[in-house]
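Chain nomenclature is as follows: A, B, C and D, assigned in order of appearance, with residue numbering initiated at 1 for each chain independently.
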Amino acid sequence: MQDDPVIRVVSKVMIPTVMLFALYVQFHGDYGPGGGFQAGVIFASAFVLNAMIFGLNRGRHVWPANLNLLAICAGVLLYGLTGIASLFLGANYLDYDVLGATAKSGQHIGILLVEFGVGLTVASVMVALFFTFAGRLTHIRLMSKMQAHEEASPPASKTKTKAKKAGGRS
Amino acid sequence: MSALEITQLIGIASLLIGSLAVIFGALGLLRLGDVYQRMHGAGIVDTGGAGLILFGLLMLSPDWTVTVRLILIGFILVMTGPTATHAIARAVRVSDQEPDNVSETKTKKRGRG
Amino acid sequence: MSGFLVNASLISLLTLIAILALRLHRLFAVVMLSGAFSLVAATLFVVLDAVDVAFTEAAVGAGISSILALATLSLVPAEEKPHSIAFVPAFLALATALMLAVAVTDLPAFGDVNAPIHNHVAPEFIKGSAEDIGIPNVVTSVLASYRGYDTLGETVVIFTAAIAVLLVLGGYTRPHRRKIKSRKKGEDKNAG
Amino acid sequence: MSSLAGQWNYFLVIALMMIGFYAVIARGNMVKKMVGLTIFQTSVFMLYISMGKVSNGTAPILTGDPQTLYANPLPHVLILTAIVVGVATTAVGYALIIRVYESYGTIEDDELIKMIEAEDAEDSEDMNGETQSA
């Protein structure tokens, strides 16, 4: 769809708006409806929109897979480590009272951290799910190419793949 | 009649007209023939229905924070609604679905007459 | 009474969508109907005063869930084999409905202020959210603080589901391309 | 009978739930099963949220007025997390459907069962042949 000017222009306006809205939902969750789960899904939808309009490959460049896997783990770890931090400060696991100067500010810091962890996990999980489902066809093609490469005799296959690669790049 | 009452009246009237527009748009979506025709029904819901309902809510809004939010919602609707309709039309065109030849037969008849 | 009218019309709309989704054989239409179902369900949640849940349902059910289903349909056939009404499952569903209906008569009335669910821990949460935590949105304070363990578990479930999908479908990080390259290098060495 | 009149919402939700249940157990197509499961799931959510509703109450966001009645926040929290977990587990289901289609070429229940039975029969024949030859 990247050759369609209407969709391209509107998406360039809408994607930052969607991300801004996700951040609003994430950090306004204490005062209105919202929180990490909703914000994560909305944030992921911005990446999904980007990938749907500009193609999967460019979508992957915006948010690389390795970074995304790290983000999935980092979100869960942030949640768990918040609990461990309160454990080290002498309270129970996930008891945020001790994180700040007063109990109330401690609760605020704890909830902010935990919600951020949830948002990070949910957003990157949704992006990963979308790219896995949408990239399945390319994955199968690559796998079959690899199989053909393995089955053919080494010198013949080498020239073949080289030719293919050159053709694909040009 | 004070200015406040007049704005309220305008708001309620545009809410009612907006709801009617939504209902007619839905009817069109159900009753019209092919995809291209049905999109006209969807267009009424997108612009006429949602726009008039938003305008009515703006007239009735009690607070400036609500007004700001409604204007933002209106901005997003104006951006996304027509684009979505455009994307659907494009998808139908790309998938090689020809429109029902209603207009073509009519012009042929006219040419004969 | 007006509450009854709004709820009943919304739920009958949901029932209509569900029956339509059951009867159609084109799976693309079925998936779009399930998105519409989620959207109407979100409206119902707003009517039932659950704004956070409505927000989540609208974002997840109508957004991401439909996209995942459509991505699945691009890989599997999008047409269902026609089926006639299966009588044994229909009978089972009816029997279950009857049993549930009998069980539901034991529940307190809908919207009753004195129901046991409203008198056990909920008042403490609502009071404590203002006094101990200082956050107006009670749902957030219960989610992140009072029931923090629960949410930790749910986050881990999402994490595990993502890992499961990545393992089953594969190809997200593309390690095999690197493998091909390294193999080729090895072959070059062998040839040289 | 007065109690019956007070529980209309639950009855409506149960009707909805049974449509999803029927779709799960009666339909052979796996994608249809997943959609039925989603309907079933959403109606369970509705049952929970209905229990948290308080007549004349508002959403559980504190207004500062001590007279306000709030809906019960506990079911909201449970369902909020359940929705996101639900979509993650649904994704696992779809991933498995894709793999099933890639290995068997069908996502219809009855055809799958036939193919698996045929495979089993072949396997047992092979086993018999091997034992006889041995």
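By definition in this document, a residue touches a chain if its C-beta (ideal position, glycine included) is under 8 Å from a C-beta of that chain, and two chains touch if they have at least 3 such contacts.
None of these values were measured; they are calculated from a predicted model.
Chemist: Using only the chains other than chain A, in their current positions, what clusters of touching chains do you get?
Modeler: Ignoring chain A, components are B | C, D.
Chemist: Counting C-beta pairs in contact, which two chains come out on top?
Modeler: Pair with the most C-beta pairs in contact: C-D.
Chemist: Using the mean of all protein Cα atoms as the middle point, what chain has its own Cα mean nearest that point?
Modeler: C
Chemist: Would you kindly tell me how far, in whole Å, the mean C-alpha position of chain D lies from that of chain B?
Modeler: 35
Chemist: With chain centres defined as C-alpha means, what is the inter-centre distance between chain A and chain C in Å?
Modeler: 20
Chemist: Between chain B and chain C, what distance separates the C-alpha centroids? Give it in angstrom.
Modeler: Spacing between the chain centres: roughly 30 Å.
Chemist: Of all residues in chain C, which are in touch with two or more distinct other chains?
Modeler: 51-52, 56, 60, 64, 68, 71-72, 75, 136-137, 139, 143, 151, 158, 161-162, 165, 169
Chemist: Please set out, as single numbers or ranges, the residues of chain B touching at least two other chains.
Modeler: As it turns out, chain B has no residue touching two or more other chains.
Chemist: Residues of chain A that touch two or more other chains: which are they?
Modeler: Residue numbers touching two or more other chains: 31-33, 35, 37, 41, 122, 125, 129, 132-133, 136.
Chemist: Touching pairs of chains, all of them, please.
Modeler: Going through each pair of chains, those in contact are A-B, A-C, A-D, C-D.
Chemist: Which positions of chain D touch chain C when the two form their complex?
Modeler: 3-4, 6-23, 25-29, 31-32, 34-36, 38-39, 42, 45-46, 49-55, 57-62, 69-92, 94-99, 101, 107-108
Chemist: Flag every residue of chain C that touches chain A in the complex, lowest number first.
Modeler: 51-52, 54-56, 59-60, 63-64, 67-68, 71-72, 74-75, 132-137, 139-141, 143-145, 148-149, 151-152, 155-156, 158-159, 161-162, 165-166, 169-174, 176-177, 179-180, 183-184, 187-188, 190-191
Chemist: Show which residues of chain D lie in contact with chain A when the two form their complex.
Modeler: Chain D reaches chain A through residues 59, 61, 80-81, 83-84, 88, 91, 94-95, 98, 102.
Chemist: Going by the contact rule at the top, pick out the chain C residues touching chain D in the complex.
Modeler: Counting only chain C, the residues touching chain D are 3-4, 7-8, 11-12, 14-15, 18-19, 21-22, 27, 30-31, 33-34, 37-38, 41, 44-45, 48-53, 56-57, 60-61, 64-65, 68-69, 71-73, 75-77, 80-81, 83, 85-86, 89-90, 92-94, 96-97, 100-101, 104-105, 107-113, 115, 117-118, 121-122, 125-126, 129-130, 136-139, 142-143, 147, 150-151, 154, 157-158, 161-162, 164-165, 168-169.
Chemist: Mind pulling up the chain A residues that touch chain C in the complex?
Modeler: Within the complex, chain A touches chain C at residues 25, 29-35, 37-38, 41-42, 44-45, 48, 65-66, 69, 72-73, 75-76, 79-80, 83, 93-94, 96, 103-104, 107-108, 110-111, 114-115, 117-118, 121-122, 125-126, 128-139, 142-143, 146, 149, 154-155, 158, 161.
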